[in-house]
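In what follows, subunit A forms one complex with subunit B and a second complex with subunit C.
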Partner chain A sequence: MHLNAAKRLARDPWFIAGAGISGLIILFLASSPLLVVHDPHDMDFIPFSPPSAEHWLGVNDGGMDIFSELMAGMKNTLHFGLLTGLVCLIIGACAGLFSAWFRGIPDLIIMRLSDVFLAVPAVMVLILVAAFFRPSPFYLALVLAALSWPTIAKVIRAQTLVVKAGMHIHSSRQMGASGLYVIRRHLMPELYPLYLIGFVSKARMAMFMEVSLSFLGLLDPGRKSLGMMINYALRYYYLDIWWSWLLPPVICLTLLIMGVTFLALSLEKIFDPRLKEIM
Partner chain B sequence: MNLTIKNLRVTYVSNEHRLLALDRVNLELTPGKVIALVGESGSGKTTLGKAVMGLLPDYARVKGSVSLESLELLSLPAPEMNKLRWSRISMLFQNGAESLNPVYRILDQVAEPLIQKQGFSRKDAGLQAQKALEQTGLDPGLGSRFPHEVSGGEMQRCLLAMALIMSPEIIILDEPTASLDAMNKTLIRQVILGAKNKGQAVLVITHDLDLARDTADEAVVLYLGQVMEVLPAVELFLAPRHPYTLALARSYPALDTHRDLGGIRGDAFYRTVHRHREENGNIRFHSHLIGPDQEHEHCHATPGGCLFVDRCTQALPECREKEIAIQETDGYELRCLRGGIATLLRLKSISKSYAGKTALHPVDLELKAGEIFCLVGESGSGKTTLAMIGAALLKQDSGSRIYSNRNMDQWIRQDYLSLAGKIGLVHQHPAQAVSHRFSVFEIISEPLKIQGYYSRQEILEKVLSALKDVHLSTEPEFLSRYPHELNMGALQRICIARALVTGPSLLIADEPTSSLDPSVQAKVLKMILDLQIEKGLTMLFVTHDIGLARKIGDRMGVMLAGRMVESGPAAQILNKSAHPYTRLLINGSGSQVHDGPVSLKAGRDRGCPFVSRCGWKRDLCVNDNPETRQTSQGDHFVRCHFPLN
Partner chain C sequence: MRRTGPGPHILAYALAALVMVYASYLLPRMLPGDFVSAMYSSSHVTLSAAQEQELRSYYTGRDGFVWYLKDLVTFEWGYSYAFLSPISRLILQALPWTLLLMGSAHILSMVAGFFAGVEAAWRRGSTTEKSGVGLMTVLQGIPEIGTGVILLMVFAFYLGWFPAAGGETAYAEFSGLERATDILKHLALPFTTLFLAYLPGNFLLTRAGMAMILKKQYLETARAKGLPPMRVRYAHAARNALLPMVTRFGLRIAFMVTGALIIETIYSYPGLGTLLFNAISQRDLPLVQGIVLFSSLAILLINLALESAYGFLDPRVRYAS
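Moving on, here comes the complex of A and B:
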C-alpha cells in the first residue's frame, strides 16, 4: 500500500491543487527579495496612493507600501503556522508513542491530560494570553502548540496500538529486537502518514488562528500580518482603494488556507483507511 | 546353548588401507530368543553372520572371540568348524538363490545336510526334507523342481527349510525377507517364531524393521561396525533412544506410521584405518570415513569421536572428540554421549490465563531433539498459547521452561538475544508476519541485524543460503521485491527462511500452512520435512488439522480446553487413540461422540472438559476432572477416566 501511495497522491486532484497552490505561494515568497523593494515599515510614501509601477498595490493610510506589507504578513503567518505545526507534531507524536508503548499508568496520565486540553477551547486561552502577557509570536506559537497536541497524540497512540499488535512486531520481538529497534524500524515508518496529516492540519489551524488574533489586534501592532492588514483596510472600505488594499490579503489568506486544506484532505484520504469509502 | 560374541573386531585388509567392518561387538544368543541385527547396508551386519559361521574371506582379520558354550569358534580348525555348520549353527544367506546348485532338484539339496552330516539314507533324508518344505508352507510337489523353476519367495523358503532341517541350536538369517511380498513375509515370520518356540536361538539380520519388531525380542542397532543401541524390539518405532535408531525408524515405510518417509541426512560411509609411516619411523593408524563417491578423497574421522556425529541431529562439539563407550541402563544399551535422544525443550506445568480466563491449565510438553511434535486441537484449546510460551514470546503464569538443559526464564532475563537465535518462529499469516515496508532481503536479514554480529558480506551469504534452503530464487531482483508482490506460498517460505537464518535448533510453527491452498501447502510441508532431515531441526508444529499432523508428526499432543488430553507417538494416537476427543478429531463426528461446543465456564473445572460431547461419559466424568495417566503402550499418555482401547 505504501508504495503506490505516491502514485495515488500524484493522481489525486485535491493533492495536485493543494500542492500547486502551496507551491506557488512558497515560490512567490521565496522570490520576495527580488520583488520587494521597499521596507514594509517605511512610512515615507504618500498615503492612499493608487497602484503604480513604484507601488504595485498602492500605499496605505500610514504611508506604507502595501505589497511589501502583504509579503511580510504572509511570511509571518506561514512561519507561525509551520512552527506551531512542528512543535505540535513533536509533542503529540512523543506523547502518543510513549503512552501506547508503555501503556499502564503513563498512558492513563497522558490520555487524561490530553482530554483536559481537548476540553479547553484554544482560542479563548490564546486571546487571554495574547491580551495579558503580550508574548512574542514565537512564544504564542509554543502556547498554541502546547494546547493543541492532544488530537495528534490520540491518533498516533491509536495507530501505534494497532501496529504494535501486528504479527511482524511480535516476530521482531521474538527475534530479540530491542524496544528502540522496533520503534525505529517498525513503528515510526508505519506512522509516517499520520505525521504528515497531523502536521498539515495543525499548521492550517495555527495560520487561521494567527490571522484571527492579529485581526482582533491582539498581536504586536508593529508586526506585519495579514489579519492586521485586513483590519486596517476595512476601516477605509468606502474609499476606492479597497480593491488594492483589502482584496490582496483576503485572496492571499484564502489561497494559503485553501492550499494547506487541500493537502491535508488528500493526505487523509490516501492514508487514513477509514475515510477510503466515504471520500 | 549360548553363542557368545565378545569384542569381535573384523578388518578387511587391502594394500592401502584396512576397512573396519566390526568394531568391538558384543552379543549373546540364548535359546528361545530372537535377536534382530538392524542397520543400513554397510554397517557390518552380514560380516557378523559370516564371522560366526567362520566364512569370512582370507583378507579379513578377526579379533575377539565367538564361542558356543565353551567352544571357541574363531580358533577352531576348518574340519571341526565344518561339522558344526548346518548341524549346530546354520545360516540363511542373502540372495541365497545363488548358493543353490542349478542342476540338482530342490528336494535333494534340502536333504543334503542330513545325508552328509548325519548319515541319513537318501530316502529318509528325502522324507525329512519333504516335511521341512511343507512346514514352511510350500507346495508338496515343489521339491521335485529345479531351482530356476521356483519363484523368489519359494526359493527363500526352500533355503529356510534347508537352514532349519537339522534343527540347529543357532540360526542366522541374513535378510530373510528381502525382496519378498507381504504373504511370504508373514510365512517367514511364522517360521522364525516357530523356531523360537522350539528353543532355538535366532539371529535375524535385516533392514526390515517390521520383521525385527514382530519377531525379535531384542534389537541390536549397528552403525559402521559399532553397536549404537540395544533395545527391546517392540520399542523400535515407539521409543527409540539413539538418534540413529529414530532416523532408521523414520525412514522405514511401516504400515501404521502415517508420517511421510524421512531419511537420514548425509551418506553412510565405510570406515577405514589408514597406515602412515611417520618420519621417525613409527607407524601410526589413522581413521577415515569414506563415502561411496569419495574413493580417494578421504575425510578424516576424528579418532575416538562418535561415528554418527556428521549425520546426527543433536551432535555437540564434544561428540566429535570424546570416546563414547556403550552404556547399559535398565535393559537398554546405548552408545551416545548425550544419553540418547536429548530433550530440547521441556515445558513443565505451564499455566496461563488472560484476564481471568484460563487459557492453559498446567500442561507439560517435551520436545525431543530431531523430532516433529504436532500440537493439535480445536481453536481456543490453548495450543497457540503453549507454542508462544515455548517460543519465549509469552510468559507463563506458573511452571518452568527448560531449553537444552538451561532454565529459559533465567536465560531470557540474562541474555535473551542468544536464546532468540536458537528458536525460530513461523506464524500463521505470512502477510501479517512481515512488515509490508520491508523488501525480501530486509525481511530475511532482520534477525541477523538484530543479532548484530554479522558483517554485510556474512549477512548476504546467510540470506542467500536461507533462500536456497526454502527453494526460492536468489536473484538480486527477487531480493528487492516487496511482500505484496509475492504470493502466499512464497511469503510463507520467506518467513521460514527468516526463522532459519540464524541457524536455530528449534522451529516453532503456528499453523504455518493454514492460509495456503492445498497444492502450495503440500510443497511447503515437503520442504519442511526436507529441512528437518537436512538440518536436524526439532519442530513444534501447531495445527488444527489432524490430517496434516498425521503426515508430518513423529509425536503428537492433543489439546482441549487448555489441557493436553492425549500425547504420544503419532502412530499410537492415530491408530489406537485412547481419548474420545481424539476420536472425534479423527473421525469428524463419530457415532459415539456428540458434536457440541466446549464449555469453558469456570464451573466446568470440576468435570472433564469433554463431558458435554462425550458418548462414553459416566457419572464420574461429570464431577471429576481426570488426571493424566499412562496407557499400556509406553510413551502414550491420556487424560480420561475410561480410556478407549
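Moving on, here comes the complex of A and C:
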C-alpha cells in the first residue's frame, strides 16, 4: 500500500507546500530563544506603544510585548494539537487493532462505543468541562482525545481486517508466529500511513479547537494563546492596532492551520486506498 | 477520515443524548463544595442574600436526575442571573438568528459546493478543475477566525460598506422591506465568512465522490442509451455523490457549530454563539450549561434526521436492512 509512497509524497506540490510551511513555523519557533527578548508575562512596558526596535509588534493593553506573546501563543497551540493528535492516535490505533484482531464480543463493544462517541459533539463537552472546572490545557487535550479517537479506530480496524486476510499473515501464523509477533511485525508497520493521516487530521482539529476555546475565553487567561490575543485585540478595534496587534496572530494562525491542512489532504490523497485509484 | 455506509445506529444517538444530559447534570455537582458557592465565588455577578437563598434551595431542593429530566422536558432550564431572565427564553430569542446565519450559510455553500464539485469532476484534468481544486484547498486551510477578522477589517472598518456588529439596527423603526434589507446587510459579512468556511469541504467531497463514480459502467450505459449529457451528469452520476455529503455532515456539524460560535462573537451577531460568549465572560454557568445542552441535543437531532434521510436517498441501504 505504500511502496513508492515517500517518492510520490515528495512530488506532491501540496505536501511540499504543507511541509514547507510547517517546517518554517517550527524553525521560527525553535529560534525563539534568540528572537524573544521579553518575558511574555512581563507587564512593565507602556501600554499601546507602537512597534519599535525594542518591541517589534508594539505593546498590548496590559503592557505586555506582543511579539513575545505571539511566539508563546503559537507554541501553546502547537503543543496542544500535537498532544491531542498523539493521544488520539494511541487510543484509536489500540482500539482498532484490538477490535479487528479479536473480533467477536470485544469488537462489538468497541464499535458500539465508538458509535456513541462519534455521535457526542466533542466541542460541547469541552465547553462544558472548560467552563465548570477550568482545567489545565493538558487535561483538556486529554478529554478531547478521549472523545475523538473513534474515527481513527474505525479506519484502522477496517484496514487491519484487510491486511489480516492476506496470505503473508497466514503463512506467518503457519510458521508458528505468535499473535503479538504478527501484530508487531506485520500489521502495525503496514498501517503506518493511516497513523500519519489520523495524527495530522486530529492535530489540525485540536489546534482549531484550542484557538476557538481560548477565543471564547474558556482557557486560563494567564496562558498565552493565539485565540485570546485575537479576542483582546478586537476589543480595541477603534485604535490603530490592526497591523501590529490583530493581524499577526491571525496570519500566524492561518499559516499554522494551512500547513497542517495541506499535509493532511496530501497524505489522504496519496495513501487512502479508496482514493488512490482515481488520483 | 472517511466513513462508508450509514453512520451510527439510532441507539447510539439516544445513548449519546443520554450521556450529554447526564454529563450536564453531573458536572455541576462534581464541583468542590456547594454548587452555588462554587459557581458564584468566581463570578462578577453579585447576589443578594435572598437571591442566594433562593438559588440554594433551587439546587438542593430538587436534587436528583429524575427531577432534572422533568425540568429539562418542561423547559424549566433555570434562571440566568447575569441577564435576569429565564434561560429558555434567552435561548429561544437567540435561536432564530443562529438558524438564519448557519442555515443560509450551510444550504448555500452545500448547493454551490455540490454543483461546482460535479462540474469540476466532469472536466477532469482541465485547467478549470485544477485551479478550482487549488483554490478550494487553500480556502480549506484558512480558519474562520482569519477570514472573519479580515472581512471585518476590510468591509466594515476600512470600506464601511457593511455594519460591523449586531443583527439589525437597534431601535430603528423600519417597515417590512426596509427591515429585511437591514437584516440582510447585517447578515452579509458573517454569512460570507461562514460560506467561505463551509464551501471547500463540500466542493472537495463532491469532487472526490464524483471522480470515483465517473468510472462506473452504468454511466457508459446511460450514455450509450443516448441520454442527454446533463441527465447523465446529474441524474445518474451526481446523485451518488450526494451520499457522502450526507454521511460526512454528521462528523462536520460539530465543527460547523464551533465556527459559527466564533464568527457570531466576532461580529456580535445576536445568536447563540454571542450569548454563550457573554455567558462565559460573566461566568453565568447555568446559562452556559443550558446553551451547551440545547445545542448538543439539536446537533444529535439533526444527525438522527440525516441518518433517516440517508436510507431515503440510498435505496441500497433501505433494502439491505
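Convention: the second predicted complex is superposed on the first by the 274 of 279 C-alpha atoms of A that agree within 3 Å, B and C clash if a C-alpha of one lies under 4 Å from a C-alpha of the other, contacts with A are read in each partner's own complex, and residues count from 1 in each chain.
What we mean here is this: contacts are C-beta pairs under 8 Å (C-beta built on N, C-alpha and C of every residue); 3 or more make two chains touch, one makes a residue touch a chain.
If you're wondering where the values come from, they're calculated on a predicted model, not measured in any experiment.
**Q** Fit or clash for subunit B plus subunit C once both are placed on subunit A?
**A** fit
**Q** Looking at A:112 after the superposition, I want to know if it touches subunit B, subunit C, both of them or none. Which is it: first, second, both, neither?
**A** second
**Q** Now for A:171: first (subunit B), second (subunit C), both, or neither, which partner does it touch?
**A** In the superposition, A:171 contacts subunit B only.
**Q** Touch test for A:89: subunit B only (first), subunit C only (second), both, or neither?
**A** Neither: A:89 stays clear of subunit B and subunit C.
**Q** Rounded to a multiple of 10, tell me what angle the C-alpha centres of subunit B and subunit C make at the one for subunit A, in degrees.
**A** After superposition on chain A, the angle is 110 degrees.
**Q** Can you tell me whether subunit B or subunit C touches more residues on subunit A?
**A** C
**Q** Give one of first, second, both or neither to describe whether A:71 is in contact with subunit B, with subunit C, with both, or with none.
**A** neither
**Q** With both complexes overlaid on chain A, does A:9 touch subunit B (first), subunit C (second), both or neither?
**A** So A:9 meets neither subunit B nor subunit C here.
**Q** Quick check on the superposed pair: does A:205 touch subunit B, subunit C, both, or neither? Answer first, second, both or neither.
**A** Second partner only, subunit C.
**Q** Please work out how little space separates the C-alpha atoms of subunit B and subunit C at their nearest point after superposition, in whole Å.
**A** 19
**Q** Starting from the residues of subunit A touching subunit B, keep only those that also touch subunit C in the other complex, and list them.
**A** Common interface on subunit A, subunit B vs subunit C: nothing in common.
**Q** Tell me, which parts of subunit A touch subunit B in their complex?
**A** Its residues touching subunit B are 1-3, 166-168, 170-177, 181, 185-186, 189-190.
**Q** So in the complex, which bits of subunit C are touching subunit A?
**A** Against subunit A, the touching part of subunit C is residues 1-3, 7-9, 12-13, 15-16, 19-20, 23-24, 27-28, 30-31, 137-138, 140-143, 145-146, 149-150, 152-153, 157, 164, 204, 208, 211-212, 215, 250-251, 253-255, 257-259, 261-262, 265-266, 276-277, 280-281, 285, 288-289, 292-293, 295-296, 299-300, 303.
**Q** Could you list, by residue number, the parts of subunit A that touch subunit C in their complex?
**A** 14, 112, 115-125, 127-129, 131-133, 151-152, 154-155, 197-198, 201, 205, 208-209, 211-212, 215-218, 227, 230-231, 234, 237, 242, 246-247, 250-251, 253-254, 257-259, 261-262, 265, 272, 274-275, 277-278
**Q** Would you tell me which residues of subunit B are touching subunit A in their complex?
**A** 391-393, 416-417, 419-421, 423, 425, 427, 429, 432-437, 446-447, 450-451, 482, 484, 498, 502
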